[in-house]
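I have a structure here, written as structure tokens, and I will follow up with some questions on it.
Order of writing sets the chain letters: A, B, C, D and E. Residues in each chain are counted from 1.
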Amino acid sequence: MSLISELTDREHVFDFLTPAASPVDVRHGPILYMEDVTVSFDGFRAIDELTLTINDGELRCIIGPNGAGKTTMMDIITGKTRPDTGSVWFGSRHNLLTMNEPDIASLGIGRKFQKPTVFEALTVFENLELAMAADKRVFPTLTAKLTGEHRERIDEVLEMTGLQELRWRTAGVLSHGQKQWLEIGMLLMQRPRLLLVDEPVAGMTEQEMERTAELLTSLAGKQSVVVVEHDMGFVRSLARTVTVLHQGSVLAEGSMDEVSKDPKVVEVYLGEGI
Amino acid sequence: MLRIDGLNQYYGESHTLWDLDLDVPTAKCTCVMGRNGVGKTTLLKCVMGQETVSSGQLQYNDEVALTERPVEDRSRLGIGYVPQGRQIFPLLTVEENLRTGLAARRDKVRQIPQRIYDLFPVLHEMKHRRGGDLSGGQQQQLAIGRALVIEPRLLILDEPGEGIQPNIVAQIGEVIRRLIAEDGLTVLLVEQKLPFARRFADRFAIMDRGRRMAQGGIDELSDDLIKQYLTV
Amino acid sequence: MWLTQPLNEKSTRLFLGLLGAALALVTILHLVFPQGHPMHMSIYTVSLMGKYLSYALLAVAVDLVWGYLGMLSLGHGAFFAIGGYAMGMYLMRQIGTRGEYGHPVLPDFMVFLNWDSLPWYWYGFDMAWFAFAMVLIAPAALAMVFGYLAFRSRVTGVYLSIMTQALTFALMLAFYRNEMGFGGNNGFTDFKDLLGFSLSTDATRLGLFIATGVALAIGYVICRGIVLSKLGRVSIATRDAEARTRFLGYRVERVQLFVFTVSAMLAGVAGALYVPQAGIINPNQFSPIFSIEVVLWVALGGRATLYGAVIGALVVNYAKSVFTGIMPEAWLFALGALFVLVTVFLPQGLAGVLAKLRGKGSDDEKDLTEKEAAA
Amino acid sequence: MSIRRWLEPILIVCLLIWPCMAASAEADGQALLTELAEAPASGKAAAITAIAESGDPRARHWLQAFADNKLSRMDDSGRFVVVLENRGRDWTVEDALTGEAIGEVSRRNLNRVRINNSLRSRIGNILGLLDLKVDDPAKRREAARELRGEVDAVMAESVESLMESAEDEDVRDYLAEALAIHRVQRGDVSAIDTLRGSLSSEARSALNKAASSDDPELASAASEALTSIEQLLKINNAAETLYFGLSLGSVLALAAVGLAITFGVMGVINMAHGELIMLGAYSAWGMQQLLPGQPGLALVLAVPVGFMVSASAGIVIERSIIQFLKGRPLETLLATFGVSLILQQLVRTVISPLNRTVVTPEWMSGSLMINEALSLTFNRLYILGFALAVFAALLLVMRRTRLGLEVRAVTQNRAMARSMGIRATRVDIMTFALGSGVAGLAGVALSQITNVGPNLGQNYIVDSFMVVVFGGVGNLLGTLVAGLSLGTINQLLEPWAGAVLAKVMVLVFIILFIQKRPRGLFPQKGRAAEG
Amino acid sequence: QEEDPIKVGILHSLSGTMAISESTLKDTVMMLIEEQNEKGGLLGREIEPVVVDPASDWPLFAEKARELLAEEEVDVIFGSWTSVSRKSVLPVVEELNGLMFYPVQYEGEESSKNIFYTGAAPNQQAIPAVNYLMNEVGVERWVLAGTDYVYPRTTNKILETYLKNKGVADADIMINYTPFGHSNWQSIVSDIKEFGNQGKKTAVVSTINGDANVPFYQELANQGIEATDIPVIAFSVGEQELSGIDTGPLVGHLAAWNYFMSVGTDANYDFIDKWIEYTGDETAVTNDPMEAHYIGFNMWTRAVKQAGTTDVDAVEDAIIGVTVPNLTGGYATMMPNHHITKPVLIGEIQDNGQFSTVWQTPGTVPGDAWSDYLDGSRDIISDWRDPLNCGNYNVAKGECGGQQSSE
């Protein structure tokens, strides 16, 4: 029915005629704005009236105990999970709750998953090629050509992620850590306005952690970054605002030092020691 | 407890482990380190029998040649395994996930030891939730709990702290130490995070490109070695 | 242009070369050597090969969606049959007054079931251009409607497979009904001529054979073009991690719909070429078992290698023709054993054997390296 | 009025006084039977009456044999014989007059005394009246029931007296109804009252006729009575449709249940599932061949045997093929399709391409009569119960036993399951054997309602996949609910859409339904399922 | 002198759904050939059977027919069962000018120069059966139940017209179609029961095909419908089908054929003996299509002898008018319309899977290619003799219909 009315509506602008993504409007401040978001699974409240804003160009760390709802929060932002109540805005123009995953992705929200997910049958190079910012509609994709510029970009990212030598390997045979890097690489190829990075350094050596931290810091400013991590050393090295989630809502917020002194945070999350 | 001699392994054409020797002494925690993709996980899989070995010896408990035993027997011999990437059974409930380990126990215990719930209260709380619904860290806890259900003599851990909140990571370390001290448990650990390794391991071994490059007591782990093998 | 890309590729050139050579050889064997000569190829064999080639085109269509998009369609026979019916309707209208009852408009089966006029959906099929257009449009329309519904709500995996099966099963039952106006169980037979050429002459048969070969070549190039394009890689990405592809900003359902529809159209063309050569189209072509068989050809030839699909279709159908003749009582044993043995011993299908013989690794990997080297 | 009608009173009287009648001079049996054999079609009735009238103690036996098509005459000797065994070229017979066994006689030598349906129903009436007097109350009741619609003017009186003397209430009711029907047929308005509320087809048939009669009073009374019956009928029809639906559904569910395990749980696209069902059905046939004359016992024994046969076949398939296809689920489609072709042709070559006869035991034929308009056929009732029992047992196995847990663990992550000490190979074998065995059980049940032949499996394979998927892959309960609901929908649609369209509509319904629930009725929910 | 053997093609499915019916026909022809060879062959030449398996796959029928005629160059084909397989083969046989004998009762509305129809046309089965029910049994209400394909459709159409001509009201005819292999008869049987409850004698005329019959009869029995209440007369249920059914519940239901295994003639007994010997199966049954092949084969050998050659055109000319004994004690003659004369028998099913004849036409009935009860074909006749030499001559228009007489 809706299809018919869509077809007969003269005013209607078909999706495939509209430009891929209209610009994000950040004149009024935050790039991401979540308010009173609640999600429950079979009665269990994974996110509980969460309110959170991320400013344009900000690098924000989110920490919190296992099961605090960090990944779920990212699921909501990227359209994977629909909240029961609340609102989520990207800039001041886009209501993310009315959009589906590809639309949100083409708005410029990129994501690295907690469990690395890459296209196992494709090579590292192809994985990056697919992630590249481009017109992702069907026919443009069919006729897309890889220009020199694109290649350079891919080479650049390969270098950044240390995967040059593996570029023709199928992604399925990579080790865990290598997949992590590949996913980060894919995120970079997308050139998103907002990066959601879930546990980027799990399985990385100290050195690599440093490199990752540098990378993320260098992105901040141009792009907004949200990082979830359990490695306190890493979070500290990013040295930005930290938000602590607990049982689906914000427990504390501030600099790393402030937060790590908060007794509640110490109790539920940090513990003594490290 | 476990002695590895001249281990070679191939993924199809590509030679991954090269003449690898490794000693895992009883009632000690041995930590294997190395950069991404050097073959740490592969080594552990060989011990568990998840990958086939092309040559070399795996001597368990001085008498058992592991390579001659079917995969299922290894857990019955008392080897517990926490793989990288959790590998829990996503559609089984948390409790059922734990119960899978009971098959390997020789003492006919058919109850999940209370100890595990004490260690990871969240598992008790979420007993009836499907494993796949848990958060990443909860899954990791489940994976460790599941390995402990069989009351292992040798516990193999592949980056166990990954994705787990700091206080629980510390707690896991503590428990490992306690088991080593009280029950004489042997631990083979793969870990990238130096502080953790330094704090909880007794011995270390460093791998590079499928070969073991160095080993020794954890205090012998020098900055030189770290620089040479653990940085890019 | 994405369509020219495969032409630069070695394997496609090889395929087209072989196909062209085969077409030429058959034509020569048939035309040059006189009847009775041991080298002569009878028109019976030529037609048989024509049918195999149309099956091969169908197999290529199935491989496109199964091998590269990960959709195991157990209902592609439906598109094949619809294309075939469109062609059949044209052929029926061409009979004109030469039917048993000599009715100028109505086909025989309508006359004796007392239809008094042609149903509306038969209009236009007396014109070749219309019928040929319908060969493409009808399967495409069905694929679009079905695909739109299914992909929109993210039906995947076995659910999709079984839905395609339900689709073809429902169509089969519907077409069996005489009220549908498609001749019921008997379908259409006794065709007279096509575009004015009598179907019972050898020349027309040879022409049909060559046309089928050309259609297969074009279909192959189209599929190869899609596979080699970025869209092809998006398809593979979709196959392996559909959700992840969405998070990269690809509208997965549209990619699926596009590839599925293209595949359905190719299947329709295959059906349309099959019908005049087989001399009959009936609802059996809609039967789920037929569609499953098509999948088997692809699997046997080697999934996700388009030429494998072609090999599979040719081998199985040739085996079927031969076995039903030389061992009528036991050919099912032979065919069954063939399926079992190939799966157990040749995991990559027959194409895998070829690839091994050529001493190379996975086909796609190699192609890429080649492409990279060329660039 | 034919001559038969005139002879009736004599016959009836004769029959009724038969027991107390002293054996009169023994009529010549040979003559009576010769008359029966040689009379032209129109004269046969008289010959029957003559036999019944003769008072010969063997008369009942002769008539019964005649009705059963077993009365023959030997060409050479002209002797009348009763055929005892009539299969093959030589038949076993006994002398009709002396009862002496003759043994095997070539069929060429036997000349059957021809009978047809109208004679048969005549004999039935005669024998029925006799049965009204027998001791067995069930038989009496049955005879009284059968009398409805058969009473005519000459019988009425005797039936009436029988009714008055009948002790059994049911018998009396039946006879009263029989009389009322007779009266209505004759145009007696007052009798309509008795028929009000009766659901029997004979009563309705009489009322229908009366409603279209010329007598306005009779017609209006009859149609009024009919409308009240219609109401009752509607309710009964609804119940009947529901039952039809459930029973069709139970067949679907039963056929699918094995697949719910091999495909749903293990992930093997088992195209040979249909043939495993077929093996079960052939086991039922085989058991009946082994135990001739005891079809019921054979069928009961076929349940374990069918399970074992199919389970063994399953084990062979698993060991020889499936085990090499670990991690390649789609290729199991190819291999098992090959297996299915081989099994079909094997049965065709070894047994026969023809269908085999599976006898329905006594206790499974007929129907359970709830009331005159609603009766539940036994075979389907049993199958419904059997299906529920099978599902209950399976659910128990999968939910409560260690095997169930291990199966699920192995299918979800094989390598890890083995590392947990689960013997994956054994689990595979047992699961596949279980799934196959259950398919065999389905086959045993299906042997009671459909052809047992090489194509049996083909007819169920598509539906089975449909049911499993509709219910949600991997969910046994879903399979049951899916089967039952699809069956019910089909039966609800069938009356107004016809069998073919109803099926098409059900398929379209499934397609549309899956749009709404892309993972079946009972989907796996949560993160894990979304991958 | 040493000559090439005469080749006889056998085109019957040995696998797939139709194998159940067709494989015995293959054996029948094999047996007849063997017998003929024992008698010294034909024209002094040996007969060689060429068996292929069209596997119940209709396009494959056409392909195999072409193989037989073009590659194997057989002189005659015995084959096909279903209408669609015949329709599929027909253009091939006509194009290559072959000769085919088709042994199964069918819907008529066809007459090909190259095909000889030895099975019954509707007027040799359906019409007499209905006459029997109407006149002998007194049936007034009719259920025409069939599988949804062309044979039942046509037959029912003919019967409907016929019944209406005889004054049966619309409301007294119920027509019902089911798909192939239909197995769930519950509601249909319940409807039939209801339909029969209206106070008039009711009968079911069944053109239900193949495997759907078993569940149908079973459901009838279970819902308590006996042959004495509502008899079913079937046109597609023969001894072969019955051999796979528990006949207990079916006793008394009817079938109309041109032959029953139980017919007590010597010719038939001999045939049965030979068949049992040939198959080595004491319980083997014979049926109507087998008799049709028996007649067809004998007609063909007779015609070849008359013509002195196996040349198709010569045999076609010679065979018209050939008369051979059938198995029921009469004679079958090949008519100019390529159909033969047959007696019509009505039989009741017995508990041993046999039919006992209850009625039979006094003489034989010639097969009518074009039904007199269908509008479209009333005016069409078929006569393959000169001068007409036409399969569908329209007497009203005075011209040979679409299918031109082939030279």
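Everything below uses one rule, namely that a contact is a pair of C-beta atoms (placed from the backbone, for glycine too) under 8 Å apart; a residue touches a chain by one contact, two chains touch by 3 or more.
For clarity, every value in this text was computed on a predicted model and none was experimentally measured.
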If a chain touches chain D and chain E alike, it appears here: C
Fewest touching-chain hops separating chain B from chain C: 2
Innermost chain, taking as reference the mean of every protein Cα atom displayed: C
Chain C and chain D, separation of their C-alpha mean positions in angstrom: 44
Intercentroid distance (Cα basis), chain D paired with chain B, Å: 62
Chain B and chain E: spacing of chain centres that average the CA atoms, whole Å: 76
Geometric centre distance via CA averages, chain E-chain A, whole Å: 73
Residues of chain E whose C-beta touches two or more other chains: 14-15, 148, 177, 179
Per-residue overlap in chain D, given as positions that touch at least 2 other chains: 344-345, 458, 500, 503, 526, 530
Touching two or more other chains - residues of chain C: 173, 176-177, 241, 243, 329, 332
Touching residues on chain E, where the partner in the complex is chain C: 14-15, 51-55, 57-60, 62-64, 66-67, 70-71, 82-84, 87-88, 90-92, 95, 109-110, 148-150, 153-154, 157, 177, 179-180, 374-377, 380, 391-392, 394, 401-404
Interfacial residue positions of chain A with respect to chain B in the complex: 41, 44, 64-68, 70-72, 114-115, 162, 173-178, 180-181, 199, 202-208, 211, 230-233, 268-274
For the chain C and chain D complex, residues of the former touching the latter: 72, 146, 149-150, 152-156, 158-159, 162-163, 165-167, 169-170, 173-174, 176-177, 241, 243, 288-289, 292, 295-296, 299-300, 303, 329-330, 332-333, 335-340, 342-344, 347
Residues of chain C touching chain E in the complex: 42-44, 47-48, 51, 95-103, 109, 111-114, 173, 176-178, 184-187, 189-191, 200, 278-280, 282, 284, 320-321, 324-325, 328-329, 331-332
Interfacial residue positions of chain B with respect to chain D in the complex: 48-50, 71-76, 81, 83, 87-92, 96, 99-101, 103-104, 130-133, 146, 150
